[in-house]
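Chain IDs A, B, C and D follow the sequence of writing; residue 1 opens each chain.
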Amino acid sequence: MSLTDDQLADIEASRASTAATRRATVPALEELLYQALPVLDHGFVRVIDYMGDDAAIVQAARVSYGRGTKRVSEDAGLIRYLMRHRHSTPFEMCEIKYHVKLPIFVARQWIRHRTANVNEYSARYSILDREFYIPAPEHLAAQSASNRQGRGAVLTGQEAADVLDLLRADAARTHDNYVAMLNEGPDGQPIDPGRQGLARELARMNLTLNTYTQWYWKIDLHNLLHFLSLRADAHAQYEIRAYAAPMLETVKAWVPAAYAAFRDYRLGAVTFSAPMLAVLKRLLAGEAVEQKDSGLSKREWAEMMAALGRAA
Amino acid sequence: MSLTDDQLADIEASRASTAATRRATVPALEELLYQALPVLDHGFVRVIDYMGDDAAIVQAARVSYGRGTKRVSEDAGLIRYLMRHRHSTPFEMCEIKYHVKLPIFVARQWIRHRTANVNEYSARYSILDREFYIPAPEHLAAQSASNRQGRGAVLTGQEAADVLDLLRADAARTHDNYVAMLNEGPDGQPIDPGRQGLARELARMNLTLNTYTQWYWKIDLHNLLHFLSLRADAHAQYEIRAYAAPMLETVKAWVPAAYAAFRDYRLGAVTFSAPMLAVLKRLLAGEAVEQKDSGLSKREWAEMMAALGRAA
Amino acid sequence: MSLTDDQLADIEASRASTAATRRATVPALEELLYQALPVLDHGFVRVIDYMGDDAAIVQAARVSYGRGTKRVSEDAGLIRYLMRHRHSTPFEMCEIKYHVKLPIFVARQWIRHRTANVNEYSARYSILDREFYIPAPEHLAAQSASNRQGRGAVLTGQEAADVLDLLRADAARTHDNYVAMLNEGPDGQPIDPGRQGLARELARMNLTLNTYTQWYWKIDLHNLLHFLSLRADAHAQYEIRAYAAPMLETVKAWVPAAYAAFRDYRLGAVTFSAPMLAVLKRLLAGEAVEQKDSGLSKREWAEMMAALGRAA
Amino acid sequence: MSLTDDQLADIEASRASTAATRRATVPALEELLYQALPVLDHGFVRVIDYMGDDAAIVQAARVSYGRGTKRVSEDAGLIRYLMRHRHSTPFEMCEIKYHVKLPIFVARQWIRHRTANVNEYSARYSILDREFYIPAPEHLAAQSASNRQGRGAVLTGQEAADVLDLLRADAARTHDNYVAMLNEGPDGQPIDPGRQGLARELARMNLTLNTYTQWYWKIDLHNLLHFLSLRADAHAQYEIRAYAAPMLETVKAWVPAAYAAFRDYRLGAVTFSAPMLAVLKRLLAGEAVEQKDSGLSKREWAEMMAALGRAA
């Protein structure tokens, strides 16, 4: 992560300024507010604002006049009930706003979640910095042989070195040429006064997909948890999971009861299909079921055994 | 408006409690927070929470690191530009949450706006109070003769008295019978111990559409302004306009620059169609245009003349 | 269900008219098109239009140039995979449009699903017919003693008779008074020429919540399946489940492979939380687990045992 | 546009196959169905499916039992009324599905419209073709001096030649290196058997933003018209306007009455703010108003004069 001195000063100034409010306030999240939590080589996640807390979930579920409830344990029980039975609307009553810096190819996955508000830094209007994502050696994975959208072993030796060289050289060269086509120096003046400079909205097309962009992203708690359940999942690409991890920490600081319920009833939960449930009942009755007489495909059988911690 | 002592105490307790926050805070809206702003005979609107302020709109539009800007006048100028050119996403970065008490027939119009989060008081789970909307005499309007979904003159004399009697009597009787079918007294005990009581989810079907319900309703500023532009409009039914009015006041307290831009570029703006624009150019050129040679229908002509403050 | 002769003629005329199309077409759903499938005492569901079929799901998942695939069994396998792994976007590529007639209190639950397009018959503009939902005797349930939003045993004897009398009488009287306040006869002429008639948008507030309304409702397959998974569920109120049942039949006719996958992976599936999964592993290892040493609440234990078909 | 023989054969097969349907059918759109309408150098738009027609808008607005109406002129009048008064829900009752091939930087703008269904070709799963957008010489514009997100004059001479060379060379080299890192030949076999090949989900980050992608995109007519009103606008980037143009033609073929209303009341319409309206009234009263005494900023004054076709 590489913040300029001006950016750091802006962040510190935001953190230094406080005011009195009648709103629901969460000290543990206030502590994190505005701080840049580093992700990948140049990215970050910052919490910019939030609305509501665990009690606000309860308050909305009860449509109550006051700020919520007497006993924290009662609230936690109701929150667990709401999570278990997929009552989504009370969780929509909490809202959070992030500032995220991320590679464009990650942004393209992320934006597929349509239930958020987004303001992205505009490369039609401004010039993108010379910052690209280059995987750390331990994340430079080969294509999986068994899963067309998965990763295999980590690349090593000359192949790894060559890949890193190509990624670095191509990103650097395309950005250099981007600046050359723009013909605009850091001072805003033409580099070559005899040239006009290509329009920003066109020049950006020369950048590679690992170039960093940034946006403000605002979402309610229900949809954030849905996003995190997909993006913190082992099937998600590592580069987006890397963002989900610190975001889960911010949720834990913000709404600890909702987070605990989410961990138990979503992150750690397993759904068995009707055919799997039939197999489960046979297993519990002591029957020795095998894949070939289970009614499940090999893939489903493997998924089920993995969920139960048994050898397939 | 009729709040119980317990409800008033809850509201006062919420207002009395403050905490320090690093978030954007708006003193003028803090002043209104939690207060019940009366609407119609028993309804209200209360602001329960909010996120962001005028500077947050600017901050998101610029994807900036700090809390916004140096000069208020510069921010207001950018906000006016964004509003004029229908840049909606920066306004989505502010969020507000209301507690609203309203007649069911108003709630049915209101809920058609799908871009909000809602938690409604459940009549499957709880028992609705004996409160109905009865129009004030000056709002007891006749059917419009010219507009199938509009109002004409105010009813007077015996007809007005009869209507009010019927509305009151039917609402009272259906609610009495609702309670009788539920067979549940205020203490939660059976009224008639020999009876089981009809399920709440069924008994509610006996209530009339002027019965009051209530909900928590949360929405971003862009969609709130869209809601208000439709519901504060003269074509909207009076009973929903009555809610839009105090909500506009809360917007004015919350984001004064966005409110001023909204007033100029939406509430007070007029859209002229391509054929109307052609007429306008002829008028400006000094031509005496009449409806029959305008290319506009009588209705469009009347709408255009009304917008220009000219006799049709 | 009570359709007028004109309505039946309109339906028959729609069914009689066919045209050639290059679009994906599903004969089994064409067979049902426009027909009113009866629900409750006066309601119905009609399929008005549809877009796509099972092959369209596959086509979108593959972003292919042609109309889909060679082998039906391969398509079904991919559809099962997409359903199991919650890939929702290919299912969004199919769309269906219904015309539904339903009691207002059911419409109020239904409209909470925000991801559909709706046009409701307007009681601001038109006059609602004298049709109310009155439960059949076998659906006249008492309030559940254990579940605040559930039903208990069916009411019988004098209590049942009294409830039905009250429901019928109140609905009839409030509708009669609605018409009296409107002062408009079936011919559109004033009933009493000396009166103006209350505005329609006001008079409607006197109707009870079991009055029938109707709407056009259009939704994509992914969101329809989500709606049906909630509304066909045993926890849903009977009166909305009554609509989910024939709608499931229309889905089965329309996209049989998606329907079969939905039945196996959603309707018949069970989700076990992390604590439940821990219990399951102990049970499979042969341990005799009881609720008090399970780490589950009594309620969760009961839910888990019910899912496994074991005595709690 | 460059379709393979297989792709052309798939398209022709789709066009050749017809079936009988009871659904609303539009011969003029059937004529266009599945055809690739060329856009930019390698892109296209294809209509894949549609639901509804002009009569379906009317049918939904009236919640009618039949297929619509007797007289086309009456329908058109109602559609104009609905468009003028921004009744959006009847237009939501029509749906259309496109297959679009477009450069990634265009896709990034396009996806900001959240009210559509999308399935994009996955570069996690598959390998992207070697196709890039290179602007035609007449679209190679300089940066605008006055508008930070606009274009100025067309580049010429050596600067134009250099820009085109850089764009071509960088896109070609990064794609060549993408394939080299993947280490996968057209036959699916390793190019160098001694290497593993980088995971697809990683290798794609080396591609430039002018690489072509493709997706299925489905949207209702109301939201499509909103999209087109923004993207066919003169302020939109040329490369996305190039897609809006043939899409407008498909709308015209599909729902001619809605298209005509859209053209008059949206595309060709102008909105005057409250301060502009005040100026307009003074002008119509014969007053000679100038910018400095107009109450408008220079920019707003210029916008207003441009709309009225007067010298600023």
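What we mean here is this: a contact is a pair of C-beta atoms (placed from the backbone, for glycine too) under 8 Å apart; a residue touches a chain by one contact, two chains touch by 3 or more.
For reference, the UniProt names are A, B, C, D = Flavin-dependent thymidylate synthase.
Since the model is a prediction, treat every value here as computed from it, not as a measurement.
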If we look at chain C and chain D, which chains touch each of them? A, B
Selected interface, A-D versus B-D, where C-beta contact pairs are more numerous: A-D
Can you check how far apart chain B and chain D are, centre to centre, with Cα atoms defining each centre and the answer in Å? 34
Roughly how many whole angstrom separate the Cα centroids of chain A and chain D? 29
Can you list every residue of chain B that touches 2 or more other chains, as numbers and ranges? 89, 112, 118
Assign the assembly's chain-to-chain touch graph to one of these shapes: line, ring, star, complete, other. complete
For chain C, which residues are in contact with chain A within the complex? 84-85, 89, 112, 230, 235, 263-265, 267-277, 280-281, 283-284, 300, 307-310
Could you pull out which chain A residues touch chain D in their complex? 103-105, 108, 111-112, 114-115, 118, 122, 124-126, 133, 135, 140-144, 148-153, 155, 159, 162-163, 166-167, 170-171, 173-174, 177, 180-182, 184, 195-202, 204-210, 237
Report the residues of chain B in contact with chain A in the complex, numbered from low to high. 3, 6-7, 10-11, 13-15, 17-25, 30, 33-34, 48-52, 56, 59-61, 63-67, 89-90, 92-93, 95, 97, 99, 117-121, 214-216, 218, 220
